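The structure's right below; bear with me while I get my questions together.
For reference, chains read A, B, C and D in written order, and residue numbers begin at 1 within each chain.
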Amino acid sequence: MQRIGVFVCWCGTNIAGTVDVVAVAEALKKEPGVVFSANYQYMCSQAGQDLIKAAVKEHNLTGIVVCSCSPRMHEATFRKTAAAAGLNPYMVEIANIREQCSWVHKDVPTGTEKAIILGKAAVAKVNLNVPLTPGESPVTKRALVIGGGIAGIQTALDIADAGFEVDIVEKKPTIGGKMAQLDKTFPTLDCAACILTPKMVDVAQNEKIRIFSYSEVTEVKGFVGNFDVTIKKKARYVKEELCTGCGACTEKCPMKKVPNDFNLNMDTKRAIYIPFAQAVPKVATIDADYCNMLKNGKCGVCSKVCAAGAIDYTQKDEFISEKYGAIVVATGFNPISMDKFDEFAYNQSKDVITSLEFERLTNAAGPTAGKLLRPSDGKHPEKIVFVQCVGSRCDACNEKGKEYCSKICCMYTAKHAMLTRDKYPDTDVTVFYIDVRTPGKNFDEFYRRAVEEYGVHYIKGMVGKVIPDGEKLIVQASDLIAGKQLKIDADLVVLAAAIEPDKSARPLATMLTASMDTNDFFTEAHPKLRPVESPTAGVFLSGACQGPKDIPETVAQAGAAASKVIGLLAKDKLTGNPCVAQSNEMMCNGCSTCERVCPYGAITYEDKEFRMPDRSTLIRRVASVNPAVCQGCGCCTVACPSGAMDLKGFASEQIIAEVDAICK
Amino acid sequence: MSNSKKYLQEELIRISGVNPKKCMRCGKCTATCPAYDEMEYHPHQFVYMIESGDIEPLLESESLYKCLTCFACVERCPRSVEPAKLVEAVRLAAIRKQGNNRLTANDIPALLDEDMPQQAIVSAFRKYTK
Amino acid sequence: MQVKEYKPLIVAFCCNWCSYAGADLAGNNRLNYPADVKIIRVPCSCRVNPTFVLRAFQRGADGVILCGCHPGDCHYTSGNYYTRRRMALLFSMLDYLGIERERTRVEWVSAAEGAKFAATMNDFAEKVAALGENKRLEDLRCKK
Amino acid sequence: MQKINRNVLVEKAVSLLENGTVCCVLGWKKGEFDYDITPAVFTTKEDIEANFVFDDFCGANFSKYLVQKTRKAEGKILVFLKSCDTYSFNQLLTEHRFDREKVYAVGIPCEGMVDINKIRAISGEGISSVECGEKITVNTIYDEKFEINASDVLLERCESCKSKLHVAYDELIGEEGEVLESNRFDEVAKLEAMTPDERFAFWQSELSKCIRCNACRDVCPACTCEKCVFDNPKSGVENKAPANEFEEKMFHIIRAFHVAGRCTDCGECSRVCPQHIPLHLLNRKFIKDINEFYGDYQAGAEVGSRAPLANYTTGDIEPSEVFDGRGE
């Protein structure tokens, strides 16, 4: 039997004005388990808390009911008071007789009567309370960053800066991501490589950071603070530790017709390659689909020219297991495929390109060495048409595109238009837009400069179709403001393709039990207040995997994700919320229903051996809750058919006791 | 909007099954329209004018009979608004009025000539007659 | 005509993150609603087992209302979606057994909707009061 | 489809037992009377040949027995499954309630089982013997003799059979059937069309007959909990004996809700109820609602399907909208 103390607060006149606090204290004294009751002007004051502490000692209290303001206000306060008096803090219950009683009811008899009932419900609950101790779990002080674009790089650097070890897993042979493919960046027009490559070098040189390039995450087990991750290092047929990145192999490789994905297949590379000059790690990789040596054993040139002896044709995929305390997802984005947009003739003409291809065409390290030339004939285009919102802002039932605004297209199109006019003032540049969206520091000014200083024609209206006609592309479009249909003879058409999350994100989300929206963007724990955390504890989001973002936003989010990781890794132990679900193994059917409704993947199943009354053993499948992952929503408790699952702190028995107390 | 206008608007929306509010005013329908030069009001204007209830001018307009119903606008609309179906609905609203048949049997002989496929006349007759 | 003023007994289950906070806000703004409404705090509306609802009716409650975060806003991301299914089915079943459908309700009340909370409770209490005492689901054995 | 003969099943059982495929056989044997055929476990050829029964009274669904039996059996268990039983079989597999490897399932065709109560309605009390053949021959202690067509006295669940398709088996005897257009929701719809007062009166009169024998729970293939909530003092609904009419209502609502989305509508609850309460009307109400609110769902149609109550969509119907468009 509990020994419960009831403490009724006046809250000045806030409560005492409409509730007869003395009568409440008297009435509750008669409740089962109650051995002491008192009332005081301000329970939350030091004197009020001292009164509670003294009563706990004097009356040997095992439970406390405070009739006061909302538990959202002072539950934490009174739990601390209880703890200070040597009581388990979870032996405290609050009866909310202010916000939900004295403030909403007018007269004293009504208020008093309701306050007594609320008090009784709290007493009934405390009678069934048990001391709870928050679970503790150790924290592996190492973070994993999945994705080595600017988001992943920045997050890794920030975490490493705080003194924690970080591993980056990047599926491509080099880190750098999309930003490495860009030419200039808006709105300042500084060169992407100039600001990105030093960061890549920082990553390479930081002794806290390990890079797993050409690698993928294949399995994630465990939970916040204790993830077990398996990483597949794909065979690159080059010993990373020996390769000096001299490039002799790539020069001598006779297989020259390999599509160069770094340049979006607009030119070719060799079967052994280093994606670009500033690659990190600067290590060659053999493309097994094209290498003659790997395909039919006839060649071996790279091995002969490699002075370091780094070539290893027998290399196999390698699986590495590592432990991490936190995981940051930074899987980034890709432009959507233009295959379905027949009207823009992307597949019919080489001179219809996407904006990312345009970036490569203007990049000094690109296929044209930075000269803006038509992919079809290498001539200088005199008339260029840019089309915005290709595949963005589509209706939900439109299968070609995406419902959302891709956010970055307005600005990069303005940038492309401006740079073209700057470098080639003889070029005629037209941009077709639906809306120009430029919220961002110096963004609108940038767009206006493109129009006013650089003479880019902005036309409101969408392009209806692009018709290849000899060397020209006839762009049929509407000018909605002039009320005209236009037919422009263009030399080059640039499509601002919508962006979508990388395809690797969906299987990764499944592995992490992290939730995604219908567009495969990762969902944040709270859209406003926890934007860089996944609802799955210990999983954080960085960059465009969470939604379309430009570089400054990505870097800001990367830093924010890093700070969350640092906050987690700085702890030696994680103390959880003790109000978590718990399964009674004796009653568990092993049916998996709870596992299916758990939003956090906190429930797993294991085969457990039971001793039966007849001394035989029985192996049964039972649920077990990981208290470090469970957030205590209680959804599983209702889903459980046998009632084996219960929620500590809000046990079925306790809630039923409250119901009974109220309905008496 | 007056009641009669509102009624007409609702009628058109009902006949066509199109929600003009989904339009984001990109004008791709008009950009893609092969009959643009023939039309006084263009597909995006149909959508916009029906949404704003300004339907009378459309009912009067020759544009109704210039639309080829080729469905290029329907195919390419990013918002799945389906402008051609709205044009069709306005056309129906126009010809359903007493004496508003666009084409009568008497008009047909005059239209017959060597170059005109007869199928076109048949389908026009179906389309433009109550 | 009713001679004695009948006071219904209403049990409201409120989720900790939205609706309980909404109820607190109603208090902060001194928005009145009948004292017949007694709130039980649960972490999430999905913690409410249909047996709790039935238990309340069995013990003499005249109406039971569940309040949770708006769909899509659940603190636990998906709890209230399950609540919605469970209660839709439970309430439909109660109605099938001939228990007045006005005695049960699910309402989504956010932490900012103090006014909605008060208005909902006023409306619900009024509807339940109009039905009178809940005889159909009352357990006579448990009555004192 | 033709009726299957007992000898075919006996032959099958004996051969599987003798060649070591299975170690025991779940089958039917005669009970106290000709018409209370009961489930039994056979382990020898002799026992099977002597006592195995298959006739028009073999309604019992064996799926549930597999939960306990597979735990103890050394080898495989042979189980005969009618098409409706296979749904329960799959549902239990979905819930990981037994090890599929330990079962050898033989699907058998079924033309419907008969309801002894319907026979009694014709013959009156005092049935002394029943013989199943082309027709069912019933003798009474008053020396009366009746010849009844099985198709006239089918169990309710067989009259409204939802499927002759076997959704699970290792081996099928006879021809495969198909999912049928069933009128099984008609009764539910009739009740829905009543006024609340009429419905209340209907259920009050039905449920007040309940003697809380728990037969419905004990026979239900979805009720395989390690410990039933009604036997668990901590569940808040522990309740072993009848006290008043509400207790019964509470019991049946909770029971129906517990199996909602998992009930395959096998009809065993109504078959075994000694008070003849139409319990299937509660389960079918949930099934009907689930189909209407969340799209058609047949529990047990496939292993591993996600039960409607363990699932959701963001656009689900609101509880307040449930009654919209349902008249009144």
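What to note about this one:
Just so it is clear, a contact is a pair of C-beta atoms (placed from the backbone, for glycine too) under 8 Å apart; a residue touches a chain by one contact, two chains touch by 3 or more.
Quantities reported herein were computed from a predicted structural model and do not represent experimental measurements.
For the pair chain A and chain B, there is no chain touching both partners. C-beta contact counts were set side by side for A-D and A-C; A-C has more. Centre-to-centre, using mean CA coordinates, chain B is 53 Å away from chain C. Put simply, the C-alpha centre of chain A and that of chain D have 48 angstrom between them. Note on chain placement: the centre of chain B and the centre of chain D lie 60 Å apart, centres being C-alpha means.
Inter-chain centre distance (chain A to chain C, centres taken as mean C-alpha positions): 36 Å.
Annotation for chain A: residues 597, 639, 652, 656 touch two or more other chains. The residues of chain D that reach two or more other chains are 229, 235-236, 309-311, listed in rising order.
Annotation, chain-chain contacts: A-B, A-C, A-D, C-D (touch as defined at the top). Considering their complex, residues 9, 11, 16, 20-21, 23-24, 26-28, 30-33, 35, 38-44, 46-52, 55-56, 59-61, 75-79, 82, 86, 118, 144 of chain C touch chain A. By the touch criterion given at the top, residues 188, 191-192, 196-204, 229, 235-237, 243-244, 246-247, 249-250, 253-254, 256-257, 260, 282, 285-286, 289-290, 293-294, 308-314, 316-320, 322-323 of chain D touch chain C in their complex.
Contact residues of chain C toward chain D in the complex are 50-52, 54-55, 58, 71-72, 78, 81-82, 84-101, 104-106, 136-141.
Chain contact summary for the complex, chain D toward chain A: residues 71, 95-97, 224-229, 232, 234-236, 258-259, 262, 306-307, 309-311. Chain contact summary for the complex, chain B toward chain A: residues 22, 24-33, 36-37, 42, 44, 72, 76-81.
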